[in-house]
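What follows is chain A paired twice: with chain B in the first complex and chain C in the second.
Let's turn to the complex of A and B:
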C-alpha cells in the first residue's frame, strides 16, 4: 500500500452529486525541483477549480518506474487524466495553468 | 535517504556526460511535447524502457544531492548517534560524534539488542510493551533510557527509531537516532526539587488546603483534603480534584445549609475580587462527634488558573478546650454560690476552704471511686450529678444515693472512714469543686459550720437511702422512674439531661425492658420526651403527680437546700 500513501481521496461534497469526480495520476521524481513545483501547481489548481471533486494519485518513478512505463509515461513530471474520458496527458511542471485546465477539461471562469 | 537514490548514484550518468547522454534522451523521447518540456528544463527524470529504471537529468540530480546533504547535516545537528538494527533488533551499525567516547554506546553494543544493553530504567513490562511496538513495525519516538557509563556516572539517552524495508517490502530491521539527554534530565530533576518540596510540605500540613479556579473547580488538593473528602461528612466532604467546591456547598442540606450558603457566597466574593479574604467557622456532625472547622479563603495571584486557596482547619480540640476553660471560668465567676453546702458556709469559713478547692469537670460515665478503694478526693458538685451505687455479687449495681449541687461525694470521710463504701459514678456531665482527702480532713476538724452542714447532709443521705430502699421494694417502676427523674432534675438544675436505659435500669434495679415500658407510658402522657438517651421533662407538676410520695419525703429531707438558683448556671 505504500505506493498509495500520497493518494488524496475525499468524499464528494454533501448534497446531490451533480459533477463527476476527476481521477488523475501525477508522476514525479522524488523531491526534484520540477516535481515539487508540479505537485504545488496541481494542488493549487485542484483547490481552486475542483474543490473535493477529484482523486489524485502521486507516483514516484524513482521508486516505481514500471508503473510509469505501464501507463506509457517516459518523462516526469507528467500528469495523466484517467477519467472522465477523454484521457489526457500533460508534461512538465504544470506552470502553464491554462493548458493544464484544458487538459483536465475545465473551463476557466472569467471573472 | 531512499534506496533508489543510492541506485542512481551508481548507475545514472554523471552530470555533463556530454553528447552520449543527450543522444540517449533523444533516442528514448520521441514525442514533440516531451522533447519541448526537456528543452525548457521542466523535466526531472526519464524512464528507460530497456532497463526499466528511471534516471535523473543533471539539474535534478544536483538538486537531490544538495537536498540529501542538507538533510544529513540537519540530522547530525539533531542527534548524537545513528544506529541500524537487523530484523532481530540487534545493532549492526552505529555512527556519530558520541560513539565510543562515553562508554554507553561503544562497539560492545554491536550484536546486542537494546534490552541486552546496560539500560536499567525500564521494567520487564516496559520492555514487553516496547517489543510489541516493534513487532507491529511501529515508529517509536523519544524512548528515554537510563544507564551508568564507564566512569560510573548516571546518563540518560533518548532513542527514536523507524522500521526499514527492502525493495520487496520485506522488513529489514530498525534504524534511528539517539541523543544524550543527561543534562536535560539533570536540570529537570533540579527544577522538580522545589516543586516536590512544596508539594510534600503541603501534604504534611495538618490543615486541608485546596486551590480553586474561577468556576470553583478544585484544581489541586493536599493529602489531608483528600483524606477528609474521602472519609468524613460535612461541607467540603467528597469534593475531590476536578469536582466543583461551590456546587458541593450549594448542595448542603439540613443543619449545614446555612453554612454551605455562607461559604459559597464567601468563596464567590473572593473569586470575583470583591474581597481579599473570607473567614468562616462552623460545626459538622461527623460520625466521630461534633467537629468544628475554621475555613479561610484567600485570593491567589500566582500563575495558572487558580483563583483562590481554601484552607480548612479542624479546630475541634481547641474549641473543646475553650469551652472547658469557659466552663471553669464560669464556675469561678459563680463562686461560691454553685454548691449549696459551700454556699451555706459563712464567708470567712468559705475563704479558708477556697485555697484547697479546685474546679474540675466531671464527665458522664466517669467513676470517681469504687467500693473498697481509698477516697482520695471529695467533690462538691456544682451542676454535675453523681450516683452512689451499691454492688451486689451476681447482680447489676443498684443506686442507693444521688448527689448533686446540694451535697458532697465522699461523705464517709466526714464520718472518719477513708474507704469508699459504694461506687461513685458520674451521671451528669458538669463541674464540681474538688478537695484532697487530707486537706478536707484538716478543714473539717477546724471548721464547725462545715461539720454542722455535713452532719445534716449525711443524715439526709441516710434517710434518702432508707427511703429509696423501701421505694424500690414496694412502688411500681413507673412511679419510681418519675421520682428518679425529678430527683435528677433537682440536682442537675435542668429539665434536660442524658442517660441510657441500661443505666436507668441500674438506678431503679429493674430490667431494661421494664424501663422502656415505664418511660413509654410517661412519654405517652406527655410528661417527658425520651430519644436516644436524651430526656426532657415536659411537665414537672404532672410528673410529680405520677411519682410516688417518696419524692416529696426525700425532697423535704434536704436540709438547707436553697431554692432553685436559676441565674447561677446555665448548662452549655
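Let's turn to the complex of A and C:
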C-alpha cells in the first residue's frame, strides 16, 4: 500500500481520472452468493462507467487463501482498487453502486 | 477400557487453559475440540483470558494457535499484553498467528459480505502452522458490520461449521456485551452454539475496579458455579478459586518460636513450621507488637522474613516496635527482613494478592507477617477480600511459609467472629488479645482460642509491654474473676507479704528449736561428766575395799599360823565369828542407847 502512495502525484500529471486505467482486484469465495453477486455488480459498473479503461483481477480466496491473507483481505467479497491512487478497499457484494463509484473515484456521469 | 466399560458415561474430554484457578473451577479447562464463548463488558478480561490460553498452549504443550482480532489491531493487542511476562512478540513470530481482522474505518462497505473467504484463509493458515487453538476475539464487532440479524445468524453458522470441519483442540469466541442486561443480537444463538460459556464482569466497588468470572454453561460437565474474583499479575490472569480442590500441604512437626518463651510454652512449644496464626483484637491491644516479636525472633534465627503492613509505613512500625525492645532495623539492613507497606484503598484486594505473591517469590521468606490482613476488606468488596484472605493463607502454606496475620475486630469479644474476613476458620492458631477493664484500668489479656494439633494453655494471661519486649504474666483468679494490672499487683504484694511473714515465723521457730537443742546438748554433757566422775569414784572405792579385805585376811592367816590354831590350808572362815562378834557388840551398844531413850520418854 505504501508503494502505491508514492505515485500520488502521477494521476494529476497524466490528466483526468476517467482516461486513466483503473487497476482493481476482486477477492471472492468461489460461488458463494455474495461473491457471485459482487462479480455481476462490478461487471455492470465497469461496463457502464469504465468501458475498457480498467484492469480487473479476480482472485478466488478459496483457491489462493495465503495470497489473500498476504494482501490483507478479511471478508469476501472484497474489492481493492490498486491504482490510480488513492488506493481503496470496498467490502460487500457491491450492491450499493454509488458508494462503489465514490470509492473508486468515478464520477456518476450517467445518473 | 472402552470395551469393558462401554456403558459408563465418558467424561467430557477437556483441555487445560493453564489459567490458575479456572482449570479448577471448570474441572479441567475448556471442552476439547469444542467452542467456548467468553462474554462480558469492555475491559472485563475476555481478551486476556483468550490470549493467555493461547500462550499457555504454545509454551506448555507446543501447540501453535491463531488469534483473530476483530476489535483491536494486532499491534494494540501485543502492546497491551506487554505487561505480562509471556514473551508474546517472540511467540508471534512463528508459533502464534495474529490475524488483524478489524476493518479499518477507511474501508467502504457496499452490500453484504460473508466470512467464507476469511475462513478459507484461516484454514490455510491453520494447516500451515499446525494450529491447535483458535480465538475469534470480538465477534460482536464483526456481527455489527453485518448489519442484519439474518446475516449474523448465517455467519455464526458458518463459523460453527468451520470449527466442526477443522478440528482444533479448542476454539474460543469472545463477545462484548453492553452492561449487564443488554445482549448482542443473536446472542442467544451464539450461546446455544457453544459448549461452554464464561461470563466476565468488571465493576466498581467503593472506587476499586473488581474483576469477576463465572461459568454459566458447560455442556456435559459439572463445574463450580458462582462468581469468582479475577486478578491480573505479571503472569497474567488468575482466578480466585474459593479453596484449592485438594489440600496438599505437608504437616510439619517442627516448631518455631512465636516470639518469646512464655508464649511458646502456652502454645505447647511454639508454632508449627508452615502454619498460619491469626491474632485478633480491638485497636491498641498490641497485635502489631506480638507480630513484630514473631518477625524479630525469626530474623534472630537467621530466617528470611517478610513483614507486610497495610496503611502504615515500614519506618514508623520499626520505630514503634523498637520502643518495646523489638529491633527490626538491623535485620532490615542485613536484608533478612523485608518490609512492605501498602495502601489498601489504592488497589483491589486481588491486586494485593498478586503483589504479595511476587514479593514472596522475590524475597523467599520462611516467615511472614501481614498486619493487619483485615485491611484488605477495605479494598473493594468484602467477598473478594475474603477470598483473597483465604488464598493468601493457602498460598503461604503452599510455599511453606509460617505466617502470622493480624485482624482488627471492632467488638472486644472473640466470640463474635474475629473479622469480616472469616479467616479464623482456616488459621491453625488463633490468639485473641483483649482489654479487661477493672478498677479504672485497661489491661491487655492474651487468650489462645485455638491451636490445631498441639496442646495449648487454656489460661488467660496478662500481656505486659516493657522496654525489653512483651511478656506474659500470670493472672490471679479470685472469686471467679481474673485479676490484672493493679489488682494483680496488689494480689502479688499480698502474696509476697504472706510469704515473708511465713518465713519469719519459720525462722523464729527454728531459732527456738536450735536453742532448745543446744540446752539439751549441754545437759547431756553435764550428766555425762557426772556419770564419769561417779564411775571413777566407784572404781576407786571398790579397789580400796578389796585391798583392805586382802590385808585383813592375810593378817588373820598370819595370826593363825603363828598361833597354830588352824591346820595349814584350812579356809580362813575363822574371821567370820570375830567379825560377827564385833558387829553384835555394835548392835548391843546401839540398842542400849535406844533403850535409854525409851526410858526417858516413859516417865
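General remarks:
Keep this in mind: the second predicted complex is superposed on the first by the 91 of 111 C-alpha atoms of A that agree within 3 Å, B and C clash if a C-alpha of one lies under 4 Å from a C-alpha of the other, contacts with A are read in each partner's own complex, and residues count from 1 in each chain.
Just so we're on the same page, a residue touches a chain if its C-beta (ideal position, glycine included) is under 8 Å from a C-beta of that chain, and two chains touch if they have at least 3 such contacts.
Just so it is clear, the model here is predicted, and its values are computed rather than measured.
The superposition on chain A brings chain B into a clash with chain C. Ranked by how many residues of chain A each touches, chain B and chain C are led by C.
Contact with neither chain B nor chain C is seen for A:24 once the two complexes are overlaid on the shared chain. Using the contact criterion defined above for the overlaid structures, shared-chain residue A:100 touches chain C, although it does not reach chain B. By the touch criterion stated above, A:58 is placed in contact with neither chain B nor chain C.
In the superposition on chain A, contact of A:41 is made with chain C only, not with chain B.
After overlaying the two complexes on the shared chain, residue contacts for A:88 are found with chain C alone; chain B is out of touch. Only one segment of chain B in 8-16, 206-214 or 260-268 runs into chain C in the superposed model, and that segment is 8-16. Once both structures are placed on chain A, chain A residues 28-30, 32, 34-35, 61-62, 65-66, 68-69, 73-77, 91-93, 95 are touched by chain B and, in the other complex, by chain C.
Per the touch definition, chain B reaches chain A in the complex via residues 2, 4-5, 8, 28-29, 33-34, 37-38, 40-47, 49, 52-54, 56, 59-60, 63-64, 67, 169. Within the complex formed with chain A, the residues of chain C that make contact are 99-101, 103-104, 106-118, 120-121, 123-125, 128.
Of all residues in chain A, only 27-30, 32, 34-35, 37-38, 41, 61-62, 65-66, 68-69, 72-78, 88-97, 99-100, 102-103 touch chain C in the complex they form. Residue ranges of chain A in contact with chain B, taken from their complex: 2, 28-35, 61-63, 65-66, 68-69, 73-77, 91-93, 95.
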